[in-house]
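Shared between the two complexes below is subunit A, which has subunit B as its partner in the first and subunit C in the second.
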Partner chain A sequence: MDVNIRSIDDITVVAIEGALDAATAPIAQQQLLPLATAGCRILLDLTGVPYMSSAGLRMLLSTYRQLSGKDGRIVLVGVAEEIQDTMSVTGFINFFTLRATPEEGIAALKG
Partner chain B sequence: MERIDIHPTHTFQTYKLRMGRAFPFGATAVPGGVNFAVFSRFATACTLVLFRKGEREPMIEIPFRDEFRIGNVFTMIVFDLDFENTEYGFRMEGPFLPEQGQRFDPNCILLDPYAKAIAGRDIWGETPDWSDPYQHRARFVYDDFDWEDDRPLELPLEDLVIYEMHVRSFTRDPSSGVKHPGTYAAIRDKIPYLKSLGVNCVELLPIFEFDEFENSRPHPERDEMLYQYWGYSTVGFFAPKAGYAATSRFGMQVDEVKTLIKEFHKNGIEVFLDVVFNHTAEGNEYGPTISFRGIDNKTYYMLTPEGYYFNFSGCGNTLNCNNPVVRGMVLDCLRYWAAEYHIDGFRFDLAAVLGRDPFGAPMVNPPLLETLAFDPILAKCKLIAEAWDAGGLYQVGTFPAYGRWAEWNGKYRDDLRKFLKGEAGLAGAMAQRIQGSPDLYSGRGTGASINFITAHDGFTLADLVSYNEKHNYANGENNNDGANDNESWNCGWEGPTEDPAINALRRRQMKNAMAMLMVSQGVPMLLMGDEVGRTQQGNNNTYCQDNELNWFDWKLVDTNADFLRFVQQCTAFRKAHPVLRKADHLRNQDYAGTGYADISWHGTRAWNADWSSQSRVLAFMLDGAHVHGDIPRDDYIYVAMNMHWDMHGFELPQLPGGRQWYISANTSMPSPEDFWEPGNEPRLENQREFLVGPRSVVILVGR
Partner chain C sequence: MEPLTVPGMLPALEEIGRYVMAAAAEAGLDKRASYRLRLAVDEIATNIVVYGYQPSGTEGDIIVSSTIDDHVLKIALEDTGPEFDPRQHAMPDEDELTRPLEDRQMGGLGVYLAFEGVDDFHYERVDGRNRNIFVVNRPSAAPAT
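Then we have the complex of A and B:
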C-alpha cells in the first residue's frame, strides 16, 4: 500500500494504491492525519484500491470526523463499485461525497 | 500519558500476554491487544485457541495461566492480534460425569457465549465443512458505529402497529427486485413499503446467530433442503445472524444491522427482536457441543437429578435462566442489544420458561423477569412475553409483569377467530378483546395486550379463511407437527378454488379480521404478507421451509392491491383516531360530561347488545371526547360486527348536538368503497339504521 500526496491549487490530492485493511489502514491514517488542518480540502483518490476491509472504512470515517471538526472537506473519487456497495450497505457512504473522476472531485471541492 | 497496561508482562512462545480483566466477559479490544474473559464454575483449566480466519488448524493454543484466573473467570490479554483476521475459541478441562451434570471434553473447541460475531455460516445455505472441529467461530467486532443522533424512538406502546417479519423471507423471492435478496440490507430498500402500510414497528424473527443446518434434511417432495429456517435455536446470543447479511464475507454484519436500525429510526419505525432464551441449539445429550455444554453444562442448563436435560422448550434442552450466572448473561445480552444496537423492544419466545426455577417449578417472583423489568438500561425498552411454554405453563393474563411486561394475547387470537368464523356466544368475550382485554390485564393498561390474529406460528390470514385443517406434509413429519386447534374456516372448500362466491367470502372475512383488529384497544400486530394475502398453502408450521411457503411474493402487492389498500386504510384510520389507542382501559362510564360513556354497547337495537349464547353480532360506540387531556376531542366511532350469515339491520345510537353519522368502512362493499378516505366519508342517508351485510363489519364516524 502506497500513499502519494500532491497539491492542485489549494486542494490536497491523496492517491492510495493497494488494499486498505487492518494492516495498512493505520499506516494510511498516519499520513492522512497531518493533512487535516483547518479548512483543508482533500481529494482522496481510491482508484488504486481494489479492496477495503472494515478497518479501511473505519479509517475513512475517522479521517472524515477529524476533518469536519476543523471545517475541512473531503471528496472520494474512483471508489470501486463493490466497495461502494459495501459502503452503502454498512452506512459509511452517507458521510461522504463521492465522484467518479478526480476532475469531478476537484470541481466538487471548488464548488 | 501512556498507560501501564499497554505493556506485556508474560510471553507464550512468540505471543505477548498480560493478566486480563474479569469484566466484561467475552473478547474486548484494549490498547495494544484483546482482553479475553470467560466464566466456568467447574472447569479445572482453560486454553485460548486462536485461528487465522477460516483456517482449520489453530495458529496457537495459549493456556490461561493460573494466576490470570479471578474467581471462576479465566482472563488474559493477548497483544498484537490481527483484529480482523483472527478467530478464537476455548478448550475447557474438567470432569466428564453426565450423571452429575458434568460434560467437559477438552477435545472440543468451544464458542465464547459472549461472541459478538460468529463465522462458519457466513453465506446462507452454503454446506459447511463438517470435518472442521470448530463449526461456529468467534470473531472480534468494532463497537465504534457512528449513530450520529439516533437513539431508540420510545414511541408509546399503544400507538404501535407491529409488523412481524422474517429477515430472509421478506426479500428472498426474486419478485422483491432488490440488489441483495434475503438480507438486512434489502429490508432498507423496502422501508417505503412498510411506511405506506402504516406500520411503525417491525418485529424481526430471531436474528441471533443460529445454524440453518441444525437438523437439516432433504425436502420430502422436492430437490431442496429443509432447514432450521426460522431460527428459533440460538447458537450465540450476542451475534447477529451472519447469513442474513450482504456483507458477511467482509465480516461487516454488525455495521449492516446497525445501519438498518438507524434507517428504520429515521423513518419513525421501531425495531423489536424476537429473542429465544428458553433453549439453545445444543439440543439434548445427543446434540452437538458448541458452547454452553462444554463450558459449564451444569450452570447453563436445567438438568434432572440424573443429569438429563429438562425439555420445557420442546427443543431438547432448557436454558437455566434463573441461575444467577445465566440470568446475568441474559441481562448482559439484552443490555448489549439495547445500548449497542438501539433496539426498541424485545419479544421473548416461550417466556413462561423464564419464570421457572432451576428445577422447572414456576416461581411467584422470578428474579430474571424482575431484573429485566427494573433494569436501568432496558428502562424504555418494550418487553413482550409469549406467556406460555412447551411444558404446559400458560400465563396469558397472569405473567409476572411488574408494570412493565406486555404479552402476546393468545386469547385475543382465539376469541377473534371463533367470532370471525361465526361461532355463537362470543359477544361477551369479544367485548373484552375489543377493550384491550381488561378481564386479563386489569390495572396494566391496554399496552399489556399485543393483539394479533395471525403470527409466524399457525396459518396466515389468507390460509385462516381457506383451510379447516393444517397441511404440513412438506415438513416431512407426516402432518404431525404444527397446531391442530386453529379455529379456522375454509368458507366452503378446502384450499384454492375458482368459485367466485367462496373467494369473495374469503376476501370479506380477511377484511373483517383486519378491521376488528385495528379498532381494538391494545397493540395490533400484523404478520408479514397478510396485508397482501400471502399463503403458505395450508401449512401452519413452516419453520423449515426456505421457499415460496415463507417468501414474500411481491407480485401480490399488485394482484391483491385492493386488499392492501384496505389494510392501509385500516392503519390510517387507527392513526387518525386516538380514541382507538387509549393507554388506560375504557371505563364504560361518562367522565367527559357528554352524556355518553367512553364506550357503549349495542346490537341490532341501539343500547341493547345481545350477550346471549346465540349471539353472533356485536356493535360498540366510542365517544371521542374521552381522550387524553391535551388531545382535541376525537369523533364518535361506531363499529358493527355481524358475524352471522344473514344480513341484519343495526339501529344506530343517536348522536348529540346535531352530529351526523358518516360511513368509513363496510366490508360488504367492493374496493374502493370498502374504506373511504378520511374526510371523504359519505354522510348516511338513513341516520337511524344501517343494514349490515352477512359476515360483515361496518365502521361509522360521527361528527
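Then we have the complex of A and C:
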C-alpha cells in the first residue's frame, strides 16, 4: 500500500494504492490525518484501492471527525463498487461526498 | 486447495485475502460474493490477531482451509489463541448504523460485516483451537470442480 500526496491549486490530493486492511489502513491514516486541518480541501483518490475492511472505515471516521467543526472538506473519488457496498451497509456513505473521477471531485471541492 | 498456514500477525492478512479469492474463483462465486467473503474472513482474521494473539502475548499461526462441494464453499480459520467466539461479540444495531459519524462507537463493525458477508457462519472450540467457519452458497449453475 502506498500513499501519494500532491497539491492541485489549494486542493490536497491523496491517492492511495493498494488494499486497506488492518495492517495498512493505520499507516494511511497516519499520513492522511495531519492534512485534515482547518479550511482544508482534500481529494481522497481511491481509484487504486481494490479492497477496504472496517479498518479503512476507521480511517475515514477519524478523518471525518477531525474535519468536522474545522470547515474542512473531503471528497472521495474512484471508490470501487464493493467498497461503496460496505460504506452503504454501515451507513457511512451518507456522510461523505463521492464522485466518480478526480476531475469531478475537484469540481465538487471548488464549487 | 491445500490449506495455508500463516503467522498470526496483521501483515498475513494480505496472503489470507489472496487465498480466499482463489478459493472463491474455484467455487465459481461472482465478483461481489467473492469480495464479501474476503471481507468476512479478513475481519475475523483481524480479530484473531488483535483480540487473540496480541493481548495474550502469545504467538501462533492461522490456518486457512477450504472445501467445495456441489452447493457451498466453506472457508475455515483455525488458531490457537484464547477462546473467542465472534458470535458473542457486541454488534452495532440499526440505531448505531444510522447514527451520525460523530457519535459512532465503531465497536463490532468488523464482526457485523463478517456475518453480513456470508450465508452461514459457525464457531467451535476444539482441542484448544478456535475454528471459525464461513459458508457461502455457490451459484447453482456452477460446474463441479
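We adopt the following convention: the second predicted complex is superposed on the first by the 111 of 111 C-alpha atoms of A that agree within 3 Å, B and C clash if a C-alpha of one lies under 4 Å from a C-alpha of the other, contacts with A are read in each partner's own complex, and residues count from 1 in each chain.
In this text, a contact is a pair of C-beta atoms (placed from the backbone, for glycine too) under 8 Å apart; a residue touches a chain by one contact, two chains touch by 3 or more.
From a predicted model like this one, the values you see are computed outputs, not experimental measurements.
Annotation for the three-chain superposition on subunit A: subunit B and subunit C clash.
In the superposition on chain A, A:T86 makes contact with both subunit B and subunit C.
In the superposition on chain A, A:A19 makes contact with subunit C only, not with subunit B.
By the touch criterion stated above, A:Q31 is placed in contact with neither subunit B nor subunit C. When the shared chain is aligned, subunit B and subunit C each come close enough to touch A:S54. More residues of subunit A lie in contact with C than with the other chain of the pair subunit B and subunit C.
Overlaying the two complexes on chain A leaves one subunit B stretch of 19-27, 37-45, 109-117 or 595-603 clashing with subunit C, which is 109-117. Overlap of the subunit B and subunit C contact sets on subunit A: residues 21-23, 53-55, 57-58, 61, 65, 85-86, 89-92, 95.
Against subunit A, in their complex, subunit C makes its touches with residues 10-11, 13-14, 17, 31-32, 35-36, 38-39, 42-43, 46, 49-50, 92, 97-102, 104, 106, 109-110, 112-113, 116. Residues 19, 21-23, 51, 53-55, 57-58, 61, 64-65, 68, 81-82, 85-86, 89-92, 95 of subunit A are the ones that touch subunit C when the two sit in their complex.
Interface of subunit A with subunit B (complex): residues 21-23, 53-55, 57-58, 61, 65, 85-86, 88-92, 95. By the touch rule above, subunit B contacts subunit A in their complex via residues 82-85, 142, 144, 146, 179-180, 183, 185, 246-247, 250-252, 255-256, 258-259, 262-263.
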